[in-house]
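In structure tokens below, several structures.
Below are two complexes that have chain A in common, paired first with chain B and then with chain C.
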Partner chain A sequence: MKLNRIRAIAVKEALQIWRDPRSLMIALAMPFMQMCLLGYGVSVDIKHIPVCVWDQQANQDSQDLLKRFQSSQYFQVVGAFDNARAVTAAIDDGRCRVALVIPPDFSARLGDSSRSAVQALIDATDDNTANIAIGYAQAIVSAYSADAWSEALSRRGVPALAQPVALESRVWFNEALESRNFIVPGIVAIVMALVGAQLTSLTISREWERGTMELLVSTPVTPLELMIGKLAPYFGVGMLDAFFCLGLAVFWFTVPFRGALSTLLFATALFLVVVLGIGYLLSVLIRSQLGASQIALLVTLLPTTMLSGYAFPIDQMPGVIQAITYLVHSRYYVTVLKAIFLKGAGVTEIAFPLAAMVVYAGLVTYLAARAFRKTVD
Partner chain B sequence: MLGRILQILIKELLELSRDRWGRFSLLAPPIIQLLLFGYAATFEVNAVTTAVLDLDHSQESRELVSAFTGSGRFRIIRVAADEAGITDAIERGDAAVALVIHPGFAQRLRKGQKAPLQVLVDGTNSNTALLALGYVGQIVGTYSTAHMIDLANRVLPGPRTQLVEVRLEERPWFNPGLDSRWFFVPGIVGTVTLVSVVNLTAFAIVREREVGTLEQIMVTPIRPFELLIGKTLPLYLIGIGQVFMLLVTGMIWFGVPFVGDPFVLFVGTSLFLLTSISLGLLISTVCTTQQQAFASNFFVINPIFMLSGFTTPITTMPAAMQALTYVNPLSYYLVITRGTFLKGVGFGVLWPDMLALAALGLGLLGLTILRFRKSLD
Partner chain C sequence: MNDGIIRVEQLVKRFGAFTAVDGVSFDVKRGEIMGFLGPNGAGKSTIIRMLCGLLRPTSGRALVAGIDVARDPERVRGQIGYMSQKFSLYSDLTVIENLRFFGGIYGVKRSELGERIRFATEMAGLAGRETALVSTLAGGWKQRLALGCAILHRPPVLFLDEPTSGVDPVSRRRFWDLIHDMAADGVTILVSTHYMDEAEYANRIALISQGKLIALGSPDHLKHRALGGQLVLVEATRIAEALDTLPSRPGIIDVAPFGNALHVLVDDADRAARELPAWLAGHGIPGARVSRIEPSLEDTFVELVGHRAPVPLVSA
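Up next, the complex of A and B:
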């Protein structure tokens, strides 16, 4: 391995990047744009669920209950109907997600048998929103129910009984339960994975398609030197992108940063080596640019979001799928980012994902260097 | 005219069939992705890892803990001996929820005093934490009410007290089992198709330009319009084939029902493909090299995918971001696939989305033709 050969390749590659200003612009502006768009756009804070009501009782009791829905920040009453058809239509075309139906004998049944019911029709196409809506609605109805009972008791001259078990819940790491705090670090990982793959995955196929590979092969450069030389300038661009993304996360989106900067930079550099290595490996393996791009898109774009645990919790996936997530590089970086940002984790707490990234980086670079053969068939 | 279009069509199909990786990338990855993501994409919360610290060791505290395990929502992974054990389990991420029952819990319950139950929640993933807190509230509420009735019957004079209760009867429509797969599988079909069609289209033109064969084609008597049709028709056919293959796989493998009209979905899919192809063409007129095309694809496809309402609902986005979804073809197509699959709605409800897709597709196509003419001069 000779340093000057690596430097020669690196200079050539850097010049090539420099002379294609549009690609360089894209490489620098893209992460910035994506962070802004996604940081604002992706949120799972489900509030103001549109509700319509069909109040067949229309008296004080039913009004009381509906008022509780109205004043909750989770629901927004958007319409009132007086027939089943209109309610169905409103759910069908998505004007409301939940329809509350209060039966005509709501108060009568509450007086006679002490038991009454409200019906909630829920558009459950999106099962998560439906689940959360059910949770909030149940909380409102049971609070109403408890008040109705104490009122009934006080009418009999009995002082109100409190709920015996007092639930004291405390939330750690993301105290206000803001989804931005866990989504934004995940987005940094996604954007970095895309940047890395996008930067390098065409470097080798380009040489093949343009016919310059013959020239490269005839030089004394070894596969390892070629790889290091080709990746070094991209590593620089990638680190610059990482500074943008992490800076935006901390200063613009104000995600709490509780860990050490050095741990963060170390993990980021490591992840960058992994994604650049994968891009390079794909580039070597697949000669045509169409094939390389298609595969690189498919293995990076969707798995990074779906299988990294950035939004979908990995521990809720079936065992086989959980096992597969260990192959997804961004899984480790997402874990590390969330731990450093929110939990303030040090190197010992995230030793496993860090070690996994080291192994990943080693394996990918080894495979890439081996896969590259200096022959022209 | 037809003959010239046919010639281009045959040439395109031949070219594609000779690209081994390109061919492979059309079949295996989409199916694999559908299967993987179908399992991975869920916000459901089951068997939450839970640590317990029971300092009371009473009948009541054991009942409460078994109410948690009996619900199926919580899985006890550690019974701690002291506070440190609980803190450790949460900090390491072994447990997402911890229950702490302090000494005197049962005694206070029997006396009718408030008995505190402490719950610690790892809020890193706010969505999971929110759902888990909802389930905790329900379980504790049921347990608490049972004790309240018990207590009321012991302390109150006169006949047995009856509990006054208002229940919420939830009726989840369209997805009665609240199954995430029903929601995500139709969405995955659209997303995977978008990724491959946009990329294929962009490369179909840029490759000719980069290799220099575009000039050769332009000196033949073919008109730009005919060239576009000949180039894009095979892509439309590929897209329709891919959607069909994925839908059938999703229905058979994941048991997602299809209650709507296949013709409505076919029309919607055609409009979506028109828009995706136009988008790919537009990218191809802006880019001169395949590397630029590839970089732009990442740049464009990622936000389309992340901000389409595929993983997180559009209603949770800030207003400005919601406005952006009006030019997002995938968000319309998701409404169409979910509408036809789960809700069984037809043109009556979906026409605005279809109209928007058509307008978007034609707009992009017009822009492309303008740019395409210019780029040849």
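Up next, the complex of A and C:
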């Protein structure tokens, strides 16, 4: 291996990146767009569920209950009706997901817990939202009913009772319970996986298409020198992108960052080698630029979004799928990012995913160097 | 030990059922310019690519600078310069960037690189245009720059695969001057072309057709000895009848149409020039003019292949 040759290739490749607006666009604009799209677009928080009400009682008590719904951040009262048909229509055409029906004898039944009831009609096309809506509605109604109960007791001169059991919860790592804090570090991984493989997926196929490969193959350059020389400038571009994405995560999306910067950079550099290596491998195997870039998109996008655990928790997946996720490179980087960002994990806590990435990087670069044949047939 | 710096023995290359190169053998001496002449698709490029280690031979052996190309292609690559018919420098890089790149991957020492680049730019006539993007250069310049890149590391052997195709005649002439200069310095050059006139600049010519080496020798040898006779031009009014009649006369080896006339291969051109007009008149073709002509390489090619090249050779 000669340093001279690696340097010559790296310089050439850097000049070509600089003079190819398409590569530069991919390299710099794509991460920004993806961070914004995914950072804002992907949220599993359920807030401001639209609610319609049919308040047949319409007095102080019923208004009191509705006010609790209105003031909660989970619900938003969007309409009031006075007949069943209008309520049904509102659910049918999607104006509201939950309809609350308060019976005409709501106040009269209040003192009698066995008989008082409020009806909630729920649009369960999205079962997850429906489940969560039921939970929130139940919580609001129980709080209301506990207050109503103790008020009724105190009116009769009985002092307010403390609840027999109360849950005292302390939320760790993502104190604000913002799904964004959980998701954004994973998005950094997705963006890096996509952009990284795209960057290098063109580098060998471009030489084939422009007819420069034949000349390159006739020179004494070795496959390993070629790979290192070609990946080096893209590694620089990739690290720039990584700084950019991580910066957006911390300063724009205000995800708490608790780990050490050095751990983060080490893990990021490692992941970058993996994704650049995958793009390079595809570029070697597929001799057309379009083909290589399409395949790179396919093999990185789907597994990374579905199986990396960035938004959909891996431990909730069926066993077989969980086993498959161990093959997905971004799974390890997502784990590492979340641990460093939210838990402030050090190298020892994330030793397994780091080791997995080292193995991955070694395997991919070995295969890529092996796959490159210095013949044209 | 043979002094051939390139030795090719029974080289065969098949692509599936198609035999592109069919048992070719030849030697090239140090400092020699060997021309490959043949129509497109004859197998010239395939032979050169095998000699550069770009393609693996199906069978046979090729030695370049004493190294078996199939066994140790990497060592061969340090000994050769290669320039292909498809212009293959980086058009989005400048002249100097291309030269630095190839200097780097050919492993030219940094202390020597400046001097070598200066030599190459001057040779290519590109001094003062070092910062021009290659895509903005005209064909002749690109081609001389490609040659410059291929010789930065002073290779003892140079393979040029149709280096002058698509280049204007003045640039072609200039390019051949460069090739002769390098050969004079002891560089061995194997150059393919489909320009007949160009092939005559080579020391020796290998005629290649349909994957086979059909003749090998100096341009003079090919035009006279390999032809197997002397050539006369027959101009007459009823050319088609003459074409049918002539082969029956003793002393006539072959007859081939040539434009509105005939090229006739005879054992004695002077006798043919004297006797043929009367003989033809006796066969109902009066007023024929017969004159001795210098054979061209194309005549040899046509005679040896038995028919005109499937893709016409260019005699520009």
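Assume the second predicted complex is superposed on the first by the 336 of 377 C-alpha atoms of A that agree within 3 Å, B and C clash if a C-alpha of one lies under 4 Å from a C-alpha of the other, contacts with A are read in each partner's own complex, and residues count from 1 in each chain.
Just so it is clear, a residue touches a chain if its C-beta (ideal position, glycine included) is under 8 Å from a C-beta of that chain, and two chains touch if they have at least 3 such contacts.
Treat the numbers as computed from the prediction; the structure is a model and nothing was measured.
Peer 1: Kindly say whether there is room for both chain B and chain C on chain A in the superposition, answering fit or clash.
Peer 2: fit
Peer 1: In the superposed arrangement, does A:Glu214 touch chain B (first), chain C (second), both or neither?
Peer 2: Touch partner of A:Glu214: chain C, not chain B.
Peer 1: Name the contact category of A:Met1: first (chain B only), second (chain C only), both, or neither.
Peer 2: Neither: A:Met1 stays clear of chain B and chain C.
Peer 1: Please give the nearest C-alpha separation between chain B and chain C in the three-chain superposition, to the whole Å.
Peer 2: 13
Peer 1: Residues on chain A in contact with chain B in one complex and with chain C in the other?
Peer 2: Common to the two interfaces on chain A: residues 20.
Peer 1: Can you list the residues on chain C that touch chain A in the complex?
Peer 2: 15, 49, 52-56, 73-74, 77-78, 80, 82-84, 86-93, 97, 100-107, 110
Peer 1: Spell out the part of chain A that touches chain C in their complex, as residue ranges.
Peer 2: Of all residues in chain A, those touching chain C are 2, 4-5, 7-9, 11-12, 15-16, 19-20, 210-212, 214-222, 374-377.
Peer 1: Using the touch definition from the top, list the residues of chain B that touch chain A in their complex.
Peer 2: Touching chain A: residues 19-22, 24-25, 29-30, 33, 36-37, 39-46, 49, 64, 90-93, 96, 109, 112-131, 133-138, 140-141, 143-145, 147-148, 151-152, 156, 158, 161-176, 178-180, 182-183, 191-192, 195-196, 199-200, 203, 207, 210-211, 289-299, 301-303, 305-307, 311-313, 315-318, 320-321, 324, 335, 338, 342-343, 345, 349 of chain B.
Peer 1: Taking the complex as given, what residues does chain A use to touch chain B?
Peer 2: Per the touch definition, chain A meets chain B at residues 20, 22-23, 26-27, 30, 33-34, 37-38, 40-50, 65, 91-94, 110, 114-132, 134-139, 141-142, 144-145, 148-149, 152-153, 156, 158, 161-175, 177-179, 181-182, 190, 194, 197-198, 201-202, 206, 209, 286, 288-299, 301-303, 305-307, 311-313, 315-318, 320-321, 324-325, 338-339, 342-343, 349.
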